[in-house]
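As written, the chain order gives the labels A, B, C and D, with residue 1 at the start of each chain.
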Amino acid sequence: MSADKKYILTISCPDHTGIVAQVSSFLADQDAFITESAHFGDPVSDRFFMRTVFTPGPYTPDAFELAKKFSRVAERFQMVWGIHDAKRKQRLLIMVSKFDHCLNDLLYRYRTGELNADIPAIVSNHPDLERLAEWHDIPFYHMPVSKENKDEQEEQVWDLIENLEIDLVVLARYMQILSPRMCERLRGRCINIHHSFLPSFKGANPYRQAHERGVKLIGATAHYVTGDLDEGPIIEQAVERVDHTYTPDKLKAVGRDIENGVLSRAVRAHVEHRVLMNGLKTVVLK
Amino acid sequence: MSADKKYILTISCPDHTGIVAQVSSFLADQDAFITESAHFGDPVSDRFFMRTVFTPGPYTPDAFELAKKFSRVAERFQMVWGIHDAKRKQRLLIMVSKFDHCLNDLLYRYRTGELNADIPAIVSNHPDLERLAEWHDIPFYHMPVSKENKDEQEEQVWDLIENLEIDLVVLARYMQILSPRMCERLRGRCINIHHSFLPSFKGANPYRQAHERGVKLIGATAHYVTGDLDEGPIIEQAVERVDHTYTPDKLKAVGRDIENGVLSRAVRAHVEHRVLMNGLKTVVLK
Amino acid sequence: MSADKKYILTISCPDHTGIVAQVSSFLADQDAFITESAHFGDPVSDRFFMRTVFTPGPYTPDAFELAKKFSRVAERFQMVWGIHDAKRKQRLLIMVSKFDHCLNDLLYRYRTGELNADIPAIVSNHPDLERLAEWHDIPFYHMPVSKENKDEQEEQVWDLIENLEIDLVVLARYMQILSPRMCERLRGRCINIHHSFLPSFKGANPYRQAHERGVKLIGATAHYVTGDLDEGPIIEQAVERVDHTYTPDKLKAVGRDIENGVLSRAVRAHVEHRVLMNGLKTVVLK
Amino acid sequence: MSADKKYILTISCPDHTGIVAQVSSFLADQDAFITESAHFGDPVSDRFFMRTVFTPGPYTPDAFELAKKFSRVAERFQMVWGIHDAKRKQRLLIMVSKFDHCLNDLLYRYRTGELNADIPAIVSNHPDLERLAEWHDIPFYHMPVSKENKDEQEEQVWDLIENLEIDLVVLARYMQILSPRMCERLRGRCINIHHSFLPSFKGANPYRQAHERGVKLIGATAHYVTGDLDEGPIIEQAVERVDHTYTPDKLKAVGRDIENGVLSRAVRAHVEHRVLMNGLKTVVLK
């Protein structure tokens, strides 16, 4: 293996004595050098989660061979696992509606390389953000959606996802609810930004709800999309202090910055293979 | 009036042209010197809120006369108002159960003078915290409560509130729900600390609920007590970042510090006459 | 005066009894309706600061007449004051070098109208960010600077400032030190973003300094530019938590987001006439 | 080894391929079950840091034997290492002057068991806090210090440290500078709380310095004490937002809460063996 390669091994399995030892010995035996590693044993679910970054040495077999060898270790511990090429950019499809702040923020981070990702497509049910996409040289697909054509539109989106070999769908204020079928197809690889500190203020108009309740902090939540609206596993949240002088509009303006930060951190954690599922919750390994 | 006196004028009324001018002219005419002032006009409820701190000058009449004169201004604008002696310590009754962190924190701030308050009584349905009260030389009333004696016990508490001329009741993790009658009697002068970021995780065991939902921040909320459980006007909130490694017990430990900070800030804002009611919300004037 | 007008009155003067009364009575007498007001008396410098937003009524004279009348009040109290048209957009000149994050962020907020400002010019000593300026339809001036041409280049910049009637110069990571003469000319209307929590890590390479010292938080500071490098009056600061795993590069990436937030909040406070000078410090009125 | 035992292994050494594998294999071979583990390879200093918590199994040798066996691994990698009994409470000596907030906070956390520590002595150069010590049943040593008796007093303190087998000295606002000799003796086991966000505002009166500079955030820093005043390795820092209305006294009041939080988190990290030295910096392993 060439020296400038880097891999990320992710593992999730029932907790047991000796897993760390087995995995790290395996890697040492394959002449791999661990540069980062984090793990967590959940005493409640009794499951073990691990993320290990390693660089191959002169005697490390190639990725295919390595995976084949590792599968023997994996089987013994009933692991759900993956060996990911850390240098391969994840392929994102971003879905938007008319709000552009999250898109603008993600594109900035994409452009600076802060986000280890390619963005082969932006999909929107409105034409408004086409010019922004263009400026970043990203193909923009205008796919209007209505009650009548929803199934059909989702099939179009799905075709795009398959044809472009998309790894992750990002709902960057898409403002549409995906069908249960679509949620199922995208399980674990579709991130939504909800503009409230969930589980507070589910559903529509969270900033108005927040204003009416008179909360002293407002927030945003990035979560995986599931069929259960606003109940998917939470990846990242943040809040900012507000007070009685904030109108719903000013809450929205503050909220935009929170949403940007939360969504971009969630996407980054996902593309760096840091997020592992633990039932209805996530383990985000540093 | 003597030069070392200081007063706080609080006002709430329908919004109108000229209120600030009228009030500040009135004070200037009475030879009073404004040292602090804050106001807020809510464009939604169309109500005006004001808090003004002033020191009397040589020609300022005494408090009683001043109030009599001000009542003419107040009537014209349909003001709910008060002139409070800023140097008079508010009298608090603290109610606790077995958890001692909020009590310990409040007593420390009381002792250092950070809280402009006297604490003539601590009431508990358990005897556990008597020694802590004793050390601070504060009378401790053990008033056990059960389904059977609840009405009676509340009457005892009420008698204490009346006899000791209590200004504010603080439920410092009291863990009991007050009767609607008691809530009504204490409207606007009873603060509770709820150990979650409301409206998330109402009701019992919020830290367990937070753990189950997998939130990435936990919080606490100080609010006025109303008959509508966990729905009273919010005074102050705060959160801290947590992650998947936090067990419910560790959440509780982090939560203790948040609760302490939130409750003490809410109590301080109240005793400094900074909190005004705006329907089901509060205006907290800096 | 037409009903959709809005003015901001700012005042700074020696503290005295009756200022608030005089000012608010004056406005009431002129049929003006105060919608926002904040003031602060500094017990240390013994100076008084005020910001009042008002809308004119049917009998309010026009701005010129109003100012003339107010100047009599102002004289009595030795006020430094201004009456600003709240709807007039402030004119910003943004100066950049090669880093684009602050520029990108400011332009986004400019485009959404979150920043009440026009940006008639972007000046840079490098050509790199021309395309970004172009996309936002803002004239880009490439004005290279060297030891030899520094005076001359600053004169070019100054001409631009005068010709374009610039209100505020924003150094959005300009990376050049302005001459004392230029600092003097721009006193109180040139904001710089320094990429550390001042007074920590003054001078060059603050992220490397922060990494070497092993601090657990990094920050950014927006301040008015003065001849005394990194010592100008601070307008806004913020920090984020970091740890031992952060390389200087990762600190920079985190720092970018902090810088964006801090600089945009400082610029917004300035263009909304919220920032008043108090010696070497600022008063930022909410 | 008995099943309710728990150990913490800490390691610091030059970075190398295979360390994690060697250590985890060693523990697996000794029938130990890893419950927590964190490590970090610093690419700058090229050093490796590790903290592993494990419970012994039926075939794990006793601690003495285990350490003997491990020393062979340790030697090969030039490790600085330790195997610590996680259930053994660390023994703290707290040194104070007249300020009681940090002491009060530490004692509260000690009493609730949140701090895994015993406190066999409190030393002060003033008698003021004796009653607080007494209430917590902790011996209080009044050891006045002056220019004349400084060496002698430090010897007394040192004797106490030796006789009571103190693990960690906590300067909880002790307000005295330890001699270079004392700093050397306590290297790596003496934590000080400095009431500013270092490296800002070193030396005396940091709140007054902060007030004069007009910073918008104030902070506190917990660090190991070295002969180089206020330059010791930083363990933990935090800040809070302030504004122009904060007098030096109000800054102090806000600062007390920050100091409490920062110092208690630093002490907890130390007694849980999470803090490892990396030159003049710390690695704090989660």
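By our rule, a contact is a pair of C-beta atoms (placed from the backbone, for glycine too) under 8 Å apart; a residue touches a chain by one contact, two chains touch by 3 or more.
Please read all numbers here as calculations on a predicted model, not as lab measurements.
Asker: Shortest hop count from chain B to chain D along touching chains?
Answerer: 1
Asker: Tell me which chains count as touching both chain A and chain D.
Answerer: Common neighbours, chain A/chain D: B, C.
Asker: To test your reading of the model: what rotation angle superimposes chain C on chain D by C-alpha positions, in degrees to the nearest 5?
Answerer: Rounded to 5 degrees, the superposing rotation is 180 degrees.
Asker: Of the other chains, whose C-alpha centre is the longest way from the centre of chain A?
Answerer: Greatest centre separation from chain A goes to chain B.
Asker: So how far apart, in whole Å, are chain A and chain B when each is placed at the average of its C-alpha atoms?
Answerer: 42
Asker: As a quick test, compute the distance in whole Å between the mean CA positions of chain B and chain C.
Answerer: Spacing between the chain centres: roughly 37 Å.
Asker: So which stretches of chain C touch two or more other chains?
Answerer: In chain C, the residues touching two or more other chains are 245, 286.
Asker: Write out the stretch or stretches of chain C touching chain D in their complex.
Answerer: Residues of chain C touching chain D: 40, 42-44, 197-201, 213-217, 219, 233-239, 243-245, 247, 278, 280-284.
Asker: Can you check the complex and tell me which residues of chain C touch chain A?
Answerer: 101, 104, 108, 112, 114, 135, 245, 253, 257, 261, 286
Asker: Quick check on the complex: what are the chain C residues that touch chain B?
Answerer: 17-18, 20-22, 24-25, 27-28, 31, 33-39, 41, 57, 286
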